[in-house]
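Take a look at the structures listed below.
Below, subunit A partners subunit B and then partners subunit C, in two separate complexes.
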Partner chain A sequence: MALIISDLVAGYGGAAIVKGVGLSVEPGRIVAIAGTNGSGKSTLVKAVMGLVPKVEGKVDLDGTNLLALPAEARVAHGLGYVPQVANVFTTLSVWENLAVVECGGDRKARIAQMFERFPALAERKAMAAGHLSGGERQQLAFARALMLEPKYLILDEPTAALSVALVEQVFTLIRELPQLGIGVLLVEQRARLALEIADDGIILDQGSEVMAGPAAELLEDNRMAELYLGHAPT
Partner chain B sequence: MEAYLIAIAVYALVYLLMGLGLNLHYGFTGLINFGHVGFFAIGAYASCLLTLAGYPMPLGFALALLLPALAAIPIGYLSLRLRSDYLAIVTLGFSEVVRLAIINEKWLTNGVQGVPGIPDVAQGFGLPVSGSVAALIVLLIANALAIALVYRLTRSPFGRAIQAIRDDEEAVRALGKDPGSFKIRVFMIGASLAGLAGAIYGHYITYITPEQFLPLVTFYVWVAIILGGAGKVSGTIVGTLALMTFLEGSRFLRDLLPGVSEVEMASVRLFVIGLALILLVRFRPSGIMGDWTSGGTQR
Partner chain C sequence: MTVAYLMNLAVNGAVEGLLVGLLALAVTLVFGVARFPNASAGDVAMVGAYSGWLLQSAIVSLGPLSLVFAGVTAMASAALVSLALYWLVFRALSGRVGVYALIASIGAAFVLRSVVTFFLGHDQQVFAVPLTRALSIGPLRVLPIDLWVGAIALAAMVCVFVILRMTAMGRRMRAIADNPQLAMVSGIPAARTMSGLWLMAGALSGLAGCLLGLKTVIAPEMGWDLLLPAFAATILGSVGNPLGAVIGGVIIGIAQEVSTPFVGFTYKIAIGFVVMLLVLLVRPEGLFVARARVR
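The block that comes next holds the complex of A and B.
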């Protein structure tokens, strides 16, 4: 039982942006993808979701080859996705953002559960999502993804464009996900913070894997720390 | 004067019915359709030709709902692969193809000479009133039903999905929904409303020619939607009223400018309409009722 990505090549038009990357995510674990701007992090996760036109390799989710399925069909296999920045439907209300999800069971009960988990959203349920603060938008994006009860959740730079004060709030949300049995694939610019909460990590550079392994080991690696994590460990 | 007022009301309600359909396309789903008049023309010819062939008018109206919906399916499929600006060009081309087909298929449509002697609405429904009044009554009923349909539809799960597509299509796919199937269905529903408007218009005017289905009709409907506020049912209603006020109110400029010749007056009228539209858009860029960016559940 895992989300296994093997030899993934992905890009737009003739250009390959991701070049033969592999990783695996197990339920209840967090895998962080770090790297500089333009290293292919977002393209990698978009390829897994089916949102990139050119993809080769293999993406296996609990025995199902996802690459054979259109993007909308992948969700039914337990894959959730929180896109980067523009991750809520701004003209719909908070309630409508959640109600747009077809979650199979009792939709209203599921929305009520989300409001219980995210009380700030309950207070603003009639407000247009475009009027929410950055932190509230992220909460809504998480809640919308959780409506589908995913087995694996892909988070594409969830702290992008957020103030420092809100970053910790978002990381607290991410830490709670493995407790729900969800496997998390986390793309993050703030590589050090991401690796601190992750079980495993992978560092990308120009679309290729330059290092992978347990997150704690990556954090301790001097070369990686200087190149990709901002500064060497003390 | 009474006949004139009825005529204005009929035209306003025809534009409103078309506008409700176009608002579904653009205001609620974000699909730019510059060929709405094509669906209007298909509806008009379908119903008028069928009733002239001796079939009952309700059947003509049913065909006017069905044929434009079927014609919308390939346009819907094209919308899946085209960026919005290219879709605009393709839909504009579609409406011109429809008009040119009407001109050239003389065996069916009588070409540029048009179709005369179309039964009016009073005859078709056996109403004891004039054809104009009967058209007005049928248009009032059709618009009431269409408003109720659009209002209910946009508050249903289907409606939330199309508005989500308008906001971010990729995010909708990531939620497990196929935007394509929603877009095709929206195109079909909006086209049906335009087709019905065309049918009632044809039976009101009782003589249709291809010249009545120029792209200008589509752009008048666009003006109504933008003036009123796209993505809101109330916006389409108010926008249509504003459009008719500009179009018809400017006729009375004749009384205010006695020294101006008839030919000059036509230009003055267009100038005043244009100026009024510019001023309204300048000071109410989101439309009179506010457009979808005004947010929330207010429609």
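The block that comes next holds the complex of A and C.
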């Protein structure tokens, strides 16, 4: 059981943006994908979700070849995704954002669960998601993705636009996910921050892997500092 | 020319405006979700009007009840034509920029009109409507049929708003309009939702065509003639905003009618666009904020 990505090449029609990347996530583990601005992190995860026009390679989810499936079907196989931007339906209310998710099973009970887990959202049920604060919005984005009870969850820079206090709050949320048996693929520009909560990590530069391995080892590696020289590692 | 005369024109314009608004609602819904201006909406309305008329001719002995069946037939047939256009034409173009679908929709409009005129000819037709006297309300003289037409158009609009706001299908449509990629990764079935959208837009168009046929006459060009003010109304009310489309339709309907004594019948369509252009000069985004989309 794992989400296994191998030799993934992806792009938007011109030159390839992601140039042959491989990694694997097991349930209950966190894998960090780090790299500078424009290194292809988002393109990589979008390709896994089926949102990029040109993709080659292999993506295997618990034995299913995902690349043969459209995005909606990948979701049905247990792949969740919180995009980097535009990660809630801004013109739908908070409640509608959850109710619109096509999950099997008891939708009402799941919405209730989410509101229990994120009390701030429960208080703003009827508010348009576009009016939420940055932190609440991120909670809603998580809740929307969790409605599908994913086996694997891709988070694309979930803390990018948040204040320091909120970053801590979101990281606490992420740390709880493995306890639910979810395998997490966490994209972060700030490598150090991500590797501190991850089990494994991969560092991308210009669409290729430059380093990969257990998070603890990567944190020790001198090349990390070199790679991030001038990029202010966090 | 008296004030009462102008007021009567305004009332008549408001009823026509509701029909423009009905078609504009269909156009704006499709624009909000499928993201192109659907120029076939008018001719789908025309198909609806003709199928309603064909059915009524067959069951005219039923009296006024035949009109009810005609309306239902108009909506059903237009909905099916609209759905067929989605599956045969627009679905394949959904990944491209809107211009492809716009041009395809103009083509579809001409095909529909050709098919109808090939089988039914170019002659104008009328529904068999019982003759009634105009009601006098103060200085206004209103035909009962106009009251019916206006009331049915309003009721249909209320239904659309209820569907959009209160049903799971409407929620899915608004989610796709808001953010198609996020809708996809939320497992929202795109093809099924789009089918629902095209059925709804088609039914609205068919009703608009049938009601216009009741109020005036049924003719092959009726759809195109209704489409132009409907496009103006869509833009006037901020593209993608359903309530805006309806209000835009009423404003344009009234402006067209009230202007006829001054500019003559031939130029009334131009007046609709003049009103639209004037409003856009002051408010380039339309009367309502774009943020309030279908959405």
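Quick note on the criterion: the second predicted complex is superposed on the first by the 227 of 234 C-alpha atoms of A that agree within 3 Å, B and C clash if a C-alpha of one lies under 4 Å from a C-alpha of the other, contacts with A are read in each partner's own complex, and residues count from 1 in each chain.
In the analysis below, a contact is a pair of C-beta atoms (placed from the backbone, for glycine too) under 8 Å apart; a residue touches a chain by one contact, two chains touch by 3 or more.
Note that the coordinates shown come from a computational prediction; the quantities given were computed from them, not determined experimentally.
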{"item": "Partners on subunit A (subunit B, subunit C) - clash or fit", "value": "clash"}
{"item": "Touching partner for A:126 - first (subunit B), second (subunit C), both, neither", "value": "first"}
{"item": "Touched partner set for A:71, first subunit B, second subunit C, both or neither", "value": "both"}
{"item": "Which of subunit B and subunit C A:101 touches, first, second, both or neither", "value": "both"}
{"item": "Touched partner set for A:206, first subunit B, second subunit C, both or neither", "value": "neither"}
{"item": "First (subunit B), second (subunit C), both or neither touched by A:92", "value": "both"}
{"item": "First (subunit B), second (subunit C), both or neither touched by A:163", "value": "neither"}
{"item": "Contacts on subunit A seen with subunit B and repeated with subunit C across the two complexes", "value": "49-51, 70-72, 75-76, 81, 83, 86-87, 89-92, 96, 99-102, 130, 144, 148"}
{"item": "Interfacial residue positions of subunit A with respect to subunit B in the complex", "value": "49-51, 70-76, 81, 83, 86-87, 89-93, 95-97, 99-102, 126-128, 130-131, 144, 148"}
{"item": "Subunit B residues touching subunit A - in the complex, by the definition given at the top", "value": "157, 160-161, 163-164, 166-168, 170-178, 231, 292-293, 295-297"}
{"item": "Of subunit C, residues touching subunit A in the complex", "value": "168, 171-172, 174-175, 177-179, 181-190, 291-293, 295"}
{"item": "Complex interface listing, subunit A residues touching subunit C", "value": "49-51, 70-72, 75-76, 80-81, 83, 86-92, 96, 99-103, 130, 144, 147-148"}
